[in-house]
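Below, each structure is written out as structure tokens.
In the two assemblies presented below, chain A is common to both, partnered first by chain B and then by chain C.
Take a look at the complex of A and B:
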């Protein structure tokens, strides 16, 4: 459980010449949930985009499963076991739920081989998707789309899942559902790096967390430590 | 001829040529919808294949339609090479550069053909070229009928591949959501390569058809690029499925104008231009309502 699966050293990056992330250091260990919390515009999404290869880092190093993947293309990173569930979900709107899942399983020969098994697993995780199997992804409700985005990512058989604001725009009951699923995913040995606005809820779910402000990590620790941190309490827990 | 018969004949003629239009346009739509690339040299691949068919027919007497699989594979490879060598380097360079490049390639290939084959009009005189069969007083050119059937078979095959196979799903995934596709491990490079391969492969089949039912000459390709554009614009840019009805509309309109307007045959060749215009106007209003 203690081997680091993701190690990020002095990572800097942004968009074009605009630097958003400054000397980021973080670690995720196999099978744990780590959350990244921060205000709007702090650089959470940008961090995930750098990790999954959607943006090229300016400097620094990303090591995943012991291999330096710093300038790899997104598709290669996904095939290597780190799958990003993006903020906008990026589903294939004109394909059915089932087809979206099948495309996810296309990721690697191993994922394709275990397609049926993984599909049973994600349908179990999100039973509503079974009912929607033949519906076009673009016609799903927001909550169902979020579930499908996570399910599609799981079809790639990742060892690390990057999840960006899964609760965004969802009703509380649906958020409960999604968080319960994420907990189950971890119990199956998949590590999760979670970006979330609902700080209290994500600290409850995660083992550890990082706090990002203006592109800098300003605090880190176990979830219990962060819950007691005065700064965190004041800025994010509003107590 | 009765008016009803004339009407029926015009309708049939329009339907019979629409298959070749649909083949030519679906390649253009595929390149646009998947690679987001407007290939102004698309028609030149038809022209090259037309000459290829003429040479093979005159040398070996082989019916071009029977060579469809071989020609498709050859031109698929040519399309893939075209992607690697010329398309890929300009994909990130912006639309204007893409248009300039492909327009340049188009003119280059036209002049190359002029140099090699000369400006004379050529055709393939398959034995059934002028043969017709009649129903209810309406003539169906046998060659055109074969060509329509072959087009339908190929388009159905394409749709089946897109809908039911792994590679087809990957192609649609990249087309609908390139970033989402990358994030689940789809290599867009190979998808682009395959899409361009299929596009040029389909163009080549249409090219051999045109050397049978129309005439090959160095400029014939660009005409098909323009007509293909009209179809693609009408279908909704990049919509591979809409190509069918848009091709029917183009074929039938051309035919009706040719038959019913005085001096109509002169006008029918230009009707595609109106359709581009009409298509753009409709699309504009459609975009606004979203």
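Take a look at the complex of A and C:
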């Protein structure tokens, strides 16, 4: 339970000459949920893009399952067990729900072999997707799309899921469902690195958290500690 | 069940017609059919690249490369026909992988320009190596199967059948998933484990192989070619137009597009002596406007064909 699955050391990155992330250090241990919270534009999404290989880091090191993956291509990182659920869902809208899931399963031969088994698991996690299996992904509601995005990523059989803003644009009741599913995913042994603006909800779900401001980590600790942190209370919990 | 049976009957009828066609027609129609099948191979090969979101002008280059490699090895090295085709394909694979490795990281329009440059470079090479290629004077080979059109027809039909098999495999295997995902969003596909560069490279190479085969067939069939003809950009553009008008990302679409356009083109060439290309062009514009999904998109309107 306590072995770190993801270790990030002094990671800096951004877009072109524009540096967004400054000397980031963070750890995610196997089977835990860790959240990264912060305001709009603080660098949350950029952090995820650096981790999943979509952006090349300027410096620093990313170690995943004990292996340095700093300059790997995104596809290789995904096959190695770290899968990114992108912001705004980004489904393959003209493909059916089932085909979206199959794209995830196509990640590696092992994932493809266990496709039906994993599919049963994600349909169980999000029963609504069973009904929608042959529908085009673009015709799903916002909540269903978010569920499909998470389900699709799970089809790759990851050991760490990077989830970007799952609550974005969703009704609170739907967000509850999504968060409940994330908890269930964790109980099945998949670690989750969650990026969220909904700080209260994230801290309730996660074991630990990091607070990012202007590309710097400004606070970290267990969720209980962060809940009591005066700065966090003032800036994010509005109490 | 009934819905599918009509589709299979149509496919079977088309296949039977394709096989018996040269036996029930004269030389002129055989010749026309041979060129049509050759363009069907080209259009389908262009579509292979399009499926991986590549707009390629390199097909002209691979067509010419196939034509010249096969002609030169046949003439100067005395290779038998099958061996000269094989050498052309092998060289094409090497060139396609090398070119792909250099250019497939480019996206959209940049790749298109690089592929255009590739075709133009090969044209210049063919012109500048008169000792090997005959330069601007061109190259001549003995006629294929002693000019027996029925055999020529059989050969190009066989090449098309092979392309159709490859196309159906691409449509039904994991390639289909990866291609559709990449066309929607390459970056999302990549974080789900789709190695976009590898998929592009394989579709590009497959695509190059069939353009090369069409070119190799072409030079032996017409018995002579010059660089400006074998490396004519119109070949690549025509393949693109046929694939787009027939319906992209499908097997039936590009083949149907080639057949329909070739028939229309030939009919107008014969009936309208002057300026038939203007009308042909207008027809293409109308096609793109009214059939945005190509001829195969029409089946959505005529449900019984589905």
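We take it that the second predicted complex is superposed on the first by the 239 of 239 C-alpha atoms of A that agree within 3 Å, B and C clash if a C-alpha of one lies under 4 Å from a C-alpha of the other, contacts with A are read in each partner's own complex, and residues count from 1 in each chain.
In the analysis below, a residue touches a chain if its C-beta (ideal position, glycine included) is under 8 Å from a C-beta of that chain, and two chains touch if they have at least 3 such contacts.
Small disclaimer: the values here were computed from a predicted structure and weren't measured.
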| item | value |
| --- | --- |
| Combined model on chain A where chain B meets chain C, clash or fit | clash |
| First, second, both or neither for A:78, with chain B first and chain C second | both |
| Which of chain B and chain C A:52 touches, first, second, both or neither | both |
| Which of chain B and chain C A:92 touches, first, second, both or neither | both |
| First (chain B), second (chain C), both or neither touched by A:103 | both |
| Set intersection of chain A contacts, chain C complex versus chain B complex | 52-54, 73-76, 78-79, 83-84, 86, 90, 92-95, 99, 102-104, 106-108, 112, 152-153, 156 |
| Chain A residues touching chain C - in the complex, by the definition given at the top | 52-54, 73-79, 83-84, 86, 90, 92-95, 99, 102-104, 106-108, 111-112, 152-153, 156 |
| Complex contacts: residues of chain A adjacent to chain B | 52-54, 73-76, 78-79, 83-84, 86, 89-95, 99, 102-104, 106-108, 112, 152-153, 155-156 |
| In the complex, chain B residues that touch chain A | 166, 169-170, 172-173, 176-177, 179-188 |
| Chain C - residues contacting chain A, complex | 174, 177-178, 180-181, 184-185, 187-197 |
